[in-house]
Every structure is written in structure tokens, then in C-alpha cells.
């Protein structure tokens, strides 16, 4: 992991020094243990700030659309590159303006899982091989990385970048056995139980819209939830308002979600968004054999219409 | 005022008595975290959580609240205000920072010209039983913003963990009335000494206080600073830092219903959303992330001092812990304080 | 800041509730401009006791409720010296204003107010007043003008000059009032339109240029300027050139508002809330504030 970080720093420095790009978006060391922070590096000498570790949890593709006047390099995991491909396919990004520093990913560690396993406040954390070592005032615990991954990372099908200008480090083997395991687990429950589960999850929502803001695919100029003429969704934290918002957002991402899990990671109320979006991803996979953001030029199934295609009523 | 001791084995019985007469909110589990919520049994209380996921502010200022219902026909408009509050509430185990936040909200909602009755009616029936923070977290910075791990402002009753027992101090007449019954004994000198020691230990764990005066002064000259561009570059523009802030109180007012019947509702809102200031004409006086991140800090650390003579932050560190991109308020304040 | 007037509030359990609107009946709807985007609504108190307690000053505003759609702030266009209904002129631009435009005479709406500070009339006393207006922002200027011209008030003020412009004649508000003022001796009225139009015999050109042409003396004079931001931006240098110090120039600002009483947070400009500390600010104040309006 250290070599990978060094390689990222070198590549960032080289790109800025040569003037190939104006900006490198990557991660820097966080202010808290278990955290890394997105960083915008504009000068070659600042490329030293770049890091790579198991806490680089954000999908950096979220920043790319808004920076239209610059040539940007971005440090991208598998899921970040899937978002880039999906954005290119939706005509939101110009491939030529983006220099992708592809980084194979071992899966990101869920800071909340580690914090929960620790008997006190985690004050320092380090990675030792395949273990996460978390330390506090009077404890030191070790967790296998594989047991501390984000749910979305545990189910990851594309840890390696699917598109890049340079690939740093060695490609990794896919570890997920069933990407939809969590979805299936909930699907097995009776309908009433599923509905209750969704209602309970949605009811914790505080409408901070971190899920939307963290999602690289949520880029509407005006989100449906903000629309006032007419207003589609009840305004408050009522069951109708919250479930309407969660369902509406999930549906808008049908066939567009790249399974990065950025929504769930950002959610302060730890709502099971991996299930909600995963369910729709699974439907799209089973109906159309489609996975988002793998091939440039391949449009999401709900964005294409063919005159001879079937429908529910005329199979 | 009165100080007594109550052995830890009796504390749940005390709480159980309170539960008979009051709606009680306390730090308790929800999903995978601890939050401030209503409890129905003493066993639900999580004692060692200093910073709950949600602050207790929604007890007096709910995220969604009906102001009034309306029915309208051709001749008559009927409004039914929902301001009345029946039952008294207790915030159990509230921390000094969250209590301080309520005092700041009081200064906003309870003004002589315009009493916000929806807020004040609930507030007047809410009693605070606080607890000191023997082990402040690494993200805590209450002493920088006029607070402290054992600050008792706003509390009716205050508990200090002194090992086998709590030292219970009544700070108001109401607190004194609550402080009786089985389990309470006269506090000994040793108890008071233990309480002082706990406070000293806690204070030593906190970082050296920052000067809010200097930060305010520096902010006066920072409207046009590139500093805000740096923050907004990675800021996602979500509402976590404000909605989960115990101080933030901005709200929206919306009608839910038809033109003939429905309700007028108020919801928490945040300066971090672009639609917050978006005008019907399409004009937006704070059009970008730069203006919005600036507004958050200016309001808390400058405007609030001008208007209320209070800092709009209590140093609880929720925004620090929960920001999805690790924008750290402590770091921003340090940078502002050090700015030329 | 000027002091606020007391507003009548509906009380429950004797504590006034600042969020409950008063019921108002739409007494008259008048299409104000030839593009039909502006309508004037005369609102009468549905309950007599509310009228008695409603005491306001020019420059204040009210929140008008269209139930089911919400509330929006509007400057009061009638003057406290006029008897009868309260007058509001509404530009059809958003949810509430569109709903209002679709309403009929006789229907009920809600009203909270008066809100805000209003124009500093005490300060104006004994001085000349130059009123500069543009487009549909003339509403509270109508209120102010009526107030100044009222027989009970006129002698307390010096010379009164109005400079008011619109893109074309059909977009000028309050044509009857303007005509009546033009006939008077104790006020000088300068109307202007952007470009020549058939039958138009008055000024042609933008408001800033007409201000320069009319060249009111800054000596013992207050200027009140309300209009589109671009008009204000280009007029202020002209007033400065005429010698108006920033303390003698006042403007009324608009911002998105909800509560109207300085609590909900959204309408601040620096530490000031437009709803509570404004909407009327002196240019001296505005110069010290961030450009967030």
C-alpha cells in the first residue's frame, strides 16, 4: 500500500510539473484516525500530500463534472472509474480532459465498524498486512481487513479500474462471491417484513441529502425533491416524505448506480442504501444483463428505446 | 445549591420514578449508533456516549412540526394552532455542550418582540438533567467556545460520575424538587473532592482553547478570501454539519395540503443547500459553494457574536466526526485564527 | 435602525403567536400592467377587530398566505394615511404569486405583518425627498409618496421629487396615482421609458440618466431608491456625483424570506436580517455589508 501511495505521489507530481494537468484530485491524510480526505492538488510540490490507504472511501468522480475549465487528473478506484464511464456515457464528462490515475482497490474499511468493535475511542490506526490495528488509550485491537470492509466493498465486482490513462500497482483478484448476497437476504423475507424494514430504515433519514451529494451520478441541476412546481415529495421527515425521497432517488439511479456505496458511507444515519440501490441493480442485471459504467458508449437500458422492444403487457 | 450523592445502583430507580411523570429523552441505541431519543425504561440509557448522533435539539425544535392546520371555504378561514404542549419532558444525561446549544437557541427563539411559541412552549416544559464529561473525546473542543466538560449552564440537575456514585447538584428550584427520594444521601467532602478531581482531569484532556475574539476579528476581513474556495473545493454541499449541529436552527415553512385544507409545517433547513436562498425569479444571492461554506462559518463565528454576543458553536465535534469528506471545523478555525 | 411598529397578532392562551396569519378578503383585483404579469390586490380585513390593531409605516411588508401554496413577502403599497383595504402589487413569478394571480375577488388569503423597519420618516422630516423607482418595485414608494403628500404630513417635508421609469408606458404601475401627482404643484414627477413610444411626451432613457438630467440638489435631501439591481447599480454613482452622501440614500432590499421575524435564518446579509433589520437600509449600511443580495 505504501508503494502505491508513493507511485501516486510521483505520478501526481509528474503530471503537474509537466503541465499535462492543472489539478490532481486524490486523497490526503485525514484529521481523524480511520479517515482520509479528498484533496485538490494544484502545485507539483504539494503532490507530497497525496496518500493511499484503506480509508480512501469517497468516490472522487463526484467532483469532475463541476470543473469544466481545467485538465484534471483523478485518483480512481474501480468504482470511481465506473462512475467516470457512466458520466461519459451520459455526456457529462469529456474523456480527453480527464487523466485517470487508475488504482486497483482492496476494498475500503468501514470506519464505523472499526469504531464499534473498539472498546473505547480510537485514537490511532494503522494497517499491518491484511490487518487493521486500532488503538485507544487502554486498548489495541486487530481486525482482519476482510471483516471490516464496507458492505458495498465486500460485494464489489470491479475493484480494478475499468478505464485509465495509467494503472498503478498490480490488479487484484475479485473477492466477492455473490454481489447481491445482502439483497437476497432481504428478498427472502416476507413482503410485510421487507416493507417494515424499508420503513424503519427510511424513517431515520434527516434529509441531509449527503447520499445525493456524495453520488457521482446524482447531478441533476434541480433534484426532483427540490422541485416546487409541482412539489413531488412531501417536505418533512414524515413517512411519506422520507420514503418518497428514498424511493424516488433509487429509481432515478436505476441502471445508473455504479455500486460504489458512496451514498451509504456518507449517510450519517447509516441507512441501508446498499440494499435499496442494490435491489434495483440486481433487477437491471437480471432483466437486461447490464452493469453500469463498464464500457464507454454502452447506454443504460432505461436510456434507450427500440421501437420493437417488448413491455410488461406485450412480452 | 444543593448537592447530594446517589450510588450508581440507585440511579435507575431514580430515572424510573421520573419516567412515571415525564416524557424522558436520553442517549440510547438506534440502529447501529447512539442517539438522543425518547426512552421508556432506564435500561435503554447508554451512559458512556458523550456525543450522540443526533443532538437533543429536536425535543424542543422538531425537525418537522405542524404550526397550524387550516380549513378554508368561501366565507370562513379556520386555523388551529398546534402550539399547546401538555406533558413535561426531561432530557436525561444531556451533556454540557448540548445544554449550551439550547441556551443559544433560546436567545434566537425567545426574543421580547417575537416569542416563537412553538419553541418556547416546549422549552418551558423541558427540564435538563445533565452529566459531566469525565473523558472528553479527541473531537471535543467545548472550552474553545465558552463551554466546558462540567459546565452547568442551562442544567436543572447535574450529575458527576465520581466512581461508585454520582454527585447530583441541583441548579434550579426545579432541580431541587427533583433531587429527593430513595437513594439520595448527603454528599461528603470526599465526594466533592472527587468531583473536582474529575473536572480537572477532564479539562487537561481538552486542547488549548482557541480565541473566538481573534477568529471573529479575522473573519471580519475574510469575505473575499480565497480560503472559502479551498473549503468548497471538496465540500459536497450536504446538510450534515448543519442539520446535526445542536446549535443550527434555520428552518423552512411549507404548506402541506390543498387550497381548502391542510397544514402549515416547519422543517429544519440549512444554509448549505442552494435552494435555501434561491428566489422565485431564479436569482440566488448565495449561488455557489463558496458563499455557502462562508455563510456557515460567518454565521457561527461572526454574525452570531454581533447579534447575540454568543458563538454559534458549542464544540461538540459532531460536524467534525460526521463530515463525509473530513472537512474539520477545528482545523478551519485554527487556520482562520492564524490568518494574517 | 428605525424602531418597529407593533403588529397585531392572533393569540392563543393570551401569548401572541407570530406565525398565525390574519384572514383577509380579496376586495379588488386590478391588472396593473399591459403584460398582465402584475396585479394589484386590495385586501380587506375579514374581521373588524384586526383592522383596528393594524398599524404600519411606509416601507414595511407583509407575508401573504395562499393556503396550500405557502407564504411570500410583499411590500405594502397603500399608505397608512389611506383608509380602506391594504394594497399589494404582485409580480407573477413563483408558486405563491402564480396562485395569487389565479384567485378571484371575494376569496380569502392570510396575512402576517406588518414586518420590517419601513422608511426612516422621522429622519426625512424637514428635508427634501427624492424618490427614485424602477419597474415593478414602485410598491412601497407609492405608500411613501401618499404618506408624504397627505395633508397632515405634507408641511413637515420639503420638496418632493419622483423619478420613475419602466421599459414602456404599459409597464408603469399606478397610472391613476401618477396622473394625479403630475397635476399637483407640491410634487415634481419625472416619468421615463427606455425607448420612444407613440404618444409618449415625457422622458425617454434609463433612470440613471434621468436622475442626472433632473439633477436634484443633495442639499438637505434624502434619496430613496428602489428598483432592479442594475438600475440601482448605475444610479448610485449619479447620486454620488450630485453630492448625496451614503447616509442620505436609502434602499429597500428583497430576499427570499420565510418567517419574517429574524429567526428562520435565510435572509441575512452579514449580521443583518432583511426581514427584521430591513428591508430598508441606508447606502452607508449597505457599503459595509457583503454583496449577498
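In this document, chain identifiers A, B and C correspond to the written order of the chains, with residue numbering beginning at 1 in each.
Here is the rule we use: contacts are C-beta pairs under 8 Å (C-beta built on N, C-alpha and C of every residue); 3 or more make two chains touch, one makes a residue touch a chain.
Since we're looking at a predicted model, the values are computed, not measured.
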| item | value |
| --- | --- |
| Nearest-to-centre chain - CA centroid comparison | B |
| Reference subunit B; chain at largest CA-centroid distance | C |
| Cα-centroid distance, subunit A relative to subunit B, in whole angstrom | 31 |
| Cα-centroid distance, subunit A relative to subunit C, in whole angstrom | 50 |
| Approximate Å spacing (C-alpha centroids) for the pair subunit B, subunit C | 39 |
| Residues within subunit A bordering two or more other chains | none |
| Shared-contact residues (touching 2 or more other chains) in subunit B | 252, 254 |
| Where subunit C touches two or more other chains, by residue | 94-95 |
| Sites on subunit B touched by subunit C in the complex | 67-68, 70, 72, 74-77, 79, 81, 83-84, 108-109, 111, 113-118, 223, 249-255, 257-260, 262, 264, 269, 271, 276-281, 285-286, 291, 295, 298-299, 302-303, 306-307 |
| Partner subunit B, residues of subunit A touching it in the complex | 30-32, 35-40, 58, 62-63, 112, 116, 121, 123, 204, 206-210, 212-214, 226, 234-238, 241, 265-266, 268-270 |
| Sites on subunit B touched by subunit A in the complex | 30-33, 53-54, 63-64, 137-139, 230, 233-234, 236-240, 243-244, 252, 254, 256, 265, 267-268, 270, 273, 275, 320-322, 324-328, 330-331 |
| Contact set on subunit C toward subunit B in their complex | 4, 10, 12-13, 15-21, 23, 46, 65-72, 93-95, 97, 99, 106-108, 110, 254-256, 258-259, 261-266, 268-271, 290, 292-293 |
